[in-house]
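Look at the two complexes coming up: chain A is in both, with chain B in one and chain C in the other.
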Partner chain A sequence: MAKITLNGIEREVEENSYLIRAAARCGVHIPHYCYHPALKVEGNCRMCSVEIEGVPKLQTACTTIVRDGMVVNTESEKVVKVRSEVMEFLLRNHPIDCPICDQAGECGLQDYYMEHGLHDSRVTVAEKVKKKKRVDLGPNVVLDSERCILCARCVRFCKDVTGTAELVIANRGSHAEITTFPGRPLTNDYAMNTVDLCPVGALTSRKFRFKCRVWFMERAESICPGCERGCNIYLDRFQNEIQRMKPRVNPRVNGYWICDAGRLDIDWINTNRLLRAEEGGRPIAPEESDREAASALSKGDEVLLVASPSMSNENLFALKKFSEKVLPGSELVGGSFREPWEDDGILRLPDRNPNRKGMEAIGIPTGIEKALATSRGTVLLFENDLLGDQPHLGAKLEGKKVIAFASNRTATVAAADLAVPVTSYAEMAGSFTNHAGRTQPFEPAIRPEGEARPVHEILHRIAAFLGSDLNAASFDALRSEMLEKVSALSMAVPDGREAEHVG
Partner chain B sequence: MIEQVRHLTARMGKNNSPTIESYRDDGGYETAMKALAMEPEEVIEVVKASGLRGRGGAGFPTGLKWTFLPKEREKTYLCVNADESEPGTFKDRLILDFDPHLLLEGILITCHALKSDHAFIYIRGEFCRPYRRLRDAVREAYDAGLFGDNVMGTGRTLHCTIHRGGGAYICGEETALLNSIEGKKGQPRIKPPFPTNHGLFGKSTVINNVETLANVPLILRDGAEEFRKYGTEKSPGTRLFGVSGHVNRPGVYEFPHGIRLIDLIEDACGGVRDGNALKAVIPGGSSVPILTADEARELILCFDACMAAGTMLGSAGVIVMDETTCMVKALDRLTHFYGHESCGQCTPCREGSGWIAEIVSKIASGSGTPADLDKLVDLGRQISGNTICVFSDAVSMPVTSFTTKFRSEFEDHVNGGVCVAKKTTAATA
Partner chain C sequence: MIGVRKIGRPMDLKERSYLVEVARGLAISMAHFARNVVKQDEMPTIQYPEEKRVLPERFRGRHRLTQREDGTPRCVACFCCQTACPADCISIEATEREDGYEKVPARFDLNILRCVFCGLCVEACPCDAIRMDTGKYELSGDDRGSLIYDLNTLLKD
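== the complex of A and B ==
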């Protein structure tokens, strides 16, 4: 540890750490644009200039390594003045088109101008350098060069994180701009992280562009269901619609990033949903569907329950309990595994099922093919698109009574005798256990669509019709019971987060 | 009358001076032979004792710089800065053009001193003839066994690579130069780490100017003491002064440090043209603070006297302006250059250089306002001191000195657009 004096207070900080980071850990935020904790230091924005005793010139906190006995002032008169001057320079050629800018409301320039600028403009619009306003850097990222402050975070991301180096800064001086090599667009699988990294409105997401003002949105902490990594995410909602997915920092899981495939896979949450229960295509009320399901199960036929590795631990636990307590003679297996993709060495892991580990911990075996082959009678499919994911198993459903519990209209739903709408992960609380056995909770981001209910609630109702108390109506009680019974699923303690974003 | 002292320029003007035959006829490469037999540390000691200071602009003691190399190092590179791009500076090109082997001998000795087996010469892209002559000289040196895998029969290896710049002024900044050689965008690096520890391709690197290295064979040949006979205590040796502007005989002149600027102008260069009055002088390349005629008359040309006079000797590119010069237009020319050449890395310089250029151009065109002048003075201060390299200071110094020392001319321009500079000179009348 090194002892430094930060704004008059003596602090113990980690030796050999950058001053900006050391200060952040002491709770002192030093304004910055180009610095990002996950990227190489560049030192170009000059916003983090601070005064260090014995050094005549101001020093950038992002390039300065702490020394024992260092006396640092981040708020001296000189520092405050230089900061405001840097703001003036940054805004000199900025178009100030906030009214039409997607970043407005979460913009580093807006925030720091209010905090550190507040100068009167000394430049007219006509004097500003004009640059390109709409450049397709790749399929998902659009660049507005006029808004760019050339912090080069995006350039460094593509160079050092994905190793694809699509972006460069071309030209010099105030004519410098971000660009790609002709014919080599920004196509890497993590390209949209550059939009998150961009402290201003220069890089925008094609998907989110002009969709919603950020101050109208509310966010929920969730877990990406795209693969077994379990990247921590935010789901931002407006008018009960998921508008965008953003990475949530977790150094133990996904760091600062998420992949584009995961990020873009949100449309299904609000489209093509199964809104009401249907029996042979005819809509029925929830109460009726529960009774219908119960009566199908009470006939004494063989029952096969098919769970899915996309279900939350709580729902899986309720289902396991249901099979043991309410239908002791039934068989419970896991099914509907999505085809693996390639481990890309960054975040994506081969297994595209978010909760295979949770299913294993709860004790639900695999072996759907065999189970389907031997089963007769009734098959209950939970969040399983068997016909869509594994079409060759379709034939094995013929002649059986199929009850599908699904969030979306799928081939399986269309073929089912009874289809019951359930909530997607975005509409309920739950948890997934990732590849490393880390159980991570998520919270509901939006209200359930239509008459969708969580699986555990539905099971509780069906059990009631069958004369049992599943004790799964309350999510909290269910989770407590699960944690008590399945010790492997203890919840991961959220990690301390560092400054994620400028401003 | 002051007399030129021709050490570096001793061979200039001879027939075939760039060729190896001519160089050898004049005793060339004999010093290198002698130096290669010495211990590297001895060579460094001689250079240190000579007090040689860098001729690129900063005037840092060369021998001291060499000792900054870590004792334990994997590999050492020597980079020769031949990216002479400072407006008003044109002395390195003279060496490249007319005595390239003097530089190569300097490289040979220096690489021996630094235990380096590879030298890179970064030459300004616009230098065509100097490049061809340098290239031919390097080929001759290879053919003569001076470079290659058996340097002068000693079994040592020394390779020499010429790298042509792409035309960016900033590549004369030593770390931008390294980036450029590495194939990256020419942008200065954050220091520390310094090049002696982490330079070209991450290896220990020394970067020296052409004129600096051209002095090395002379120091080794004649000894440190002989070198110190010329110049001043703290600025020993001779210097190539590139005089341009309104003098009767512009050109490169070699004089010992410590001569008076006014003697250089009046005696060596035949005085200000057409009998006009002297108005201003920039003594060390366009980036250093300008002097009024009165200040110029007092100035002694050595590192320390220039510092004391509030300016710098820099690259010794002396720009002389007579009374026909409009100081606003002169500054416009400079700030246009800097606005064009800022690498664009650091915010204050990227935005400030272009902004300053625009304001000066507006004032020069007669459409400026007093507010523009205030803004210019402000920006000249704002831009300096908070960037990775000293480019922003190079913009700041002319802006601040011009607007301070010739304030009234700027005021005239923003108050009705009157230019007081004498409109005609004999040549144009």
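== the complex of A and C ==
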């Protein structure tokens, strides 16, 4: 440990750490643009200049390593003046785009101008250097060169994190701008992280462009259901619609990033949803569908329950309980697994099912092919699109009574005798257990679409019609029971909130 | 229990007869009547709708969206008016345009049934794109749908 004096207070900080990081750990925020905890330091924005005793000129806190006995002042008159002047330089050619800029409201320039700038502009709009607006860097990222402050975060990200190095700064002085090499667009699988990294509105997301102003949105902490990594995410909503997905910092799981495939896969939450229960295509009320399902189950036929590794732990636990307590003779297997994709060595893992580990922990076996081949009577499919994903298995449903519990209108739902709408992960609380056995909770981001209900609630109602109490109506009670019975699913305390920072 | 206290206010004969006060009241009414008959041009009543009041210069009437010289809407869909609106009566959908201006409204719906005519949308607009200077205040319709003004309606005035 090293002892430094920070703004007159003696602090113990980690040895060999960068001053900006050490100060952040002490709760002192040093304004910065180019510095990012997950990227190599560059020290080009000069915003983090601080005064160090014994050094004649101001030093950038992001490139200075702490030394024992260092006396640092981050709020001295000189520092405050320089900060304001750096802001003036950065804003010299910045266009007055705030009304049409997607970053407005979460923009580093807006925030720091109010905090450290507040100068009057010495240039007119006509004098500002004009550059290219709306450059398509790749399929998902749009660049506005005028807004760029050349912090090079995106350049460093592509060089060091993805290793693809598509971006580069070309030209000099006021004409310097981010660009790609001819014929080499920004197509890597993590390209949209540059949009999050960009402290200003220079890089914007093609998908989110002009969709919603950021101050209208509210966010929920969630877990990406794209693969078994279980990346921590934010789901931003407006008017009960998921507008965008953003990474949530967690050094133990995904660091600062998420992949583009996961980020872009949000449209299904609000489109093509099964809104009402349907019996052979005819819409029916929720109570009626519960009663229908119960009467189908009470006939004494053989029952096959097919769980899905996309379901939350709580729902899987309720289903397991349902099969043991309410339908002792039934068979419960884990169902359709999404086609694996390639492990890219960064975040993406081959298994695209977010909760296979949770299903294993709860004790739901796999082996759907065999189970479907031998089953005779009723089949209950939970979040399984057998006809769509695995048509060879779907064919085995013929001649059986199929009850599909699904969030979206799939081929299986269309063919089912009874289809019951259930909530997607964005509309309910729950948890997924990732590849490393880490159980991570998520919270509801939006209200359920239509008459969708969580699976555990529906199971509780069906059990009630069958004359038994599943005790699964309350989510909290269900979760505590699950944690009590399945010790492998104990929740991880979310990490890395302290690592978050401005812009 | 709430206690009730009676306060005695005894009236004298003049008051109890009511006649004096009735006559006084009638006298006032008749005086107005007579003045209105004799000096009709000084009558404060306006014969609406044949005759209309002259509006003050800054009267806030129905909104309109202004246009640039080339006829395109000045609105850049920044959502500032929607943000400022306390009645939640404006809803905008933005879109991208390939020529010239980047961001334009694809839809601009103004629900006049909700509007409280506070003028905050006009204050908030950075482009002078929305104004309330049409002087229109006779806003009625046969159904609610006709009172949700869209982009084209608002651009016409």
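Criterion: the second predicted complex is superposed on the first by the 498 of 503 C-alpha atoms of A that agree within 3 Å, B and C clash if a C-alpha of one lies under 4 Å from a C-alpha of the other, contacts with A are read in each partner's own complex, and residues count from 1 in each chain.
Keep in mind that, in the parts below, contacts are C-beta pairs under 8 Å (C-beta built on N, C-alpha and C of every residue); 3 or more make two chains touch, one makes a residue touch a chain.
Remember, it's a predicted structure, so these values are computed and weren't measured experimentally.
Partners chain B and chain C, brought together by superposition on chain A, fit side by side with no clash.
In the overlay built on the shared chain, the residue A:V86 is in contact with chain B alone; chain C does not reach it. After the superposition on chain A, the angle chain B-chain A-chain C between C-alpha centres rounds to 100°, nearest 10.
Once the two complexes are overlaid on the shared chain, A:W215 sits against chain C while remaining clear of chain B.
Residue contacts after overlaying the shared chain place A:V123 against chain B, while chain C stays out of touching range. After overlaying the two complexes on the shared chain, residue contacts for A:R172 are found with chain B alone; chain C is out of touch.
For chain A, the partner that touches more of its residues is B, with chain B and chain C as the two candidates.
For the pair chain B and chain C, the least inter-chain C-alpha distance in the overlaid model is 26 Å. Those residues of chain B that touch chain A in the complex are listed here as 168, 170, 185, 190, 339-348, 350-355, 358, 371, 375, 382, 385-388. In the complex of the two chains, the chain C residues touching chain A come out as 76-80, 83, 94-96, 102-103, 126-127.
Those residues of chain A whose C-beta lies close enough to touch chain C in the complex are 98-100, 133-134, 209-211, 213, 215-216.
Taken in their complex, chain A has these residues touching chain B: 41, 43-47, 49, 57-58, 63, 82, 85-86, 88-90, 92-93, 122-123, 127, 129, 149-150, 168-169, 171-176.
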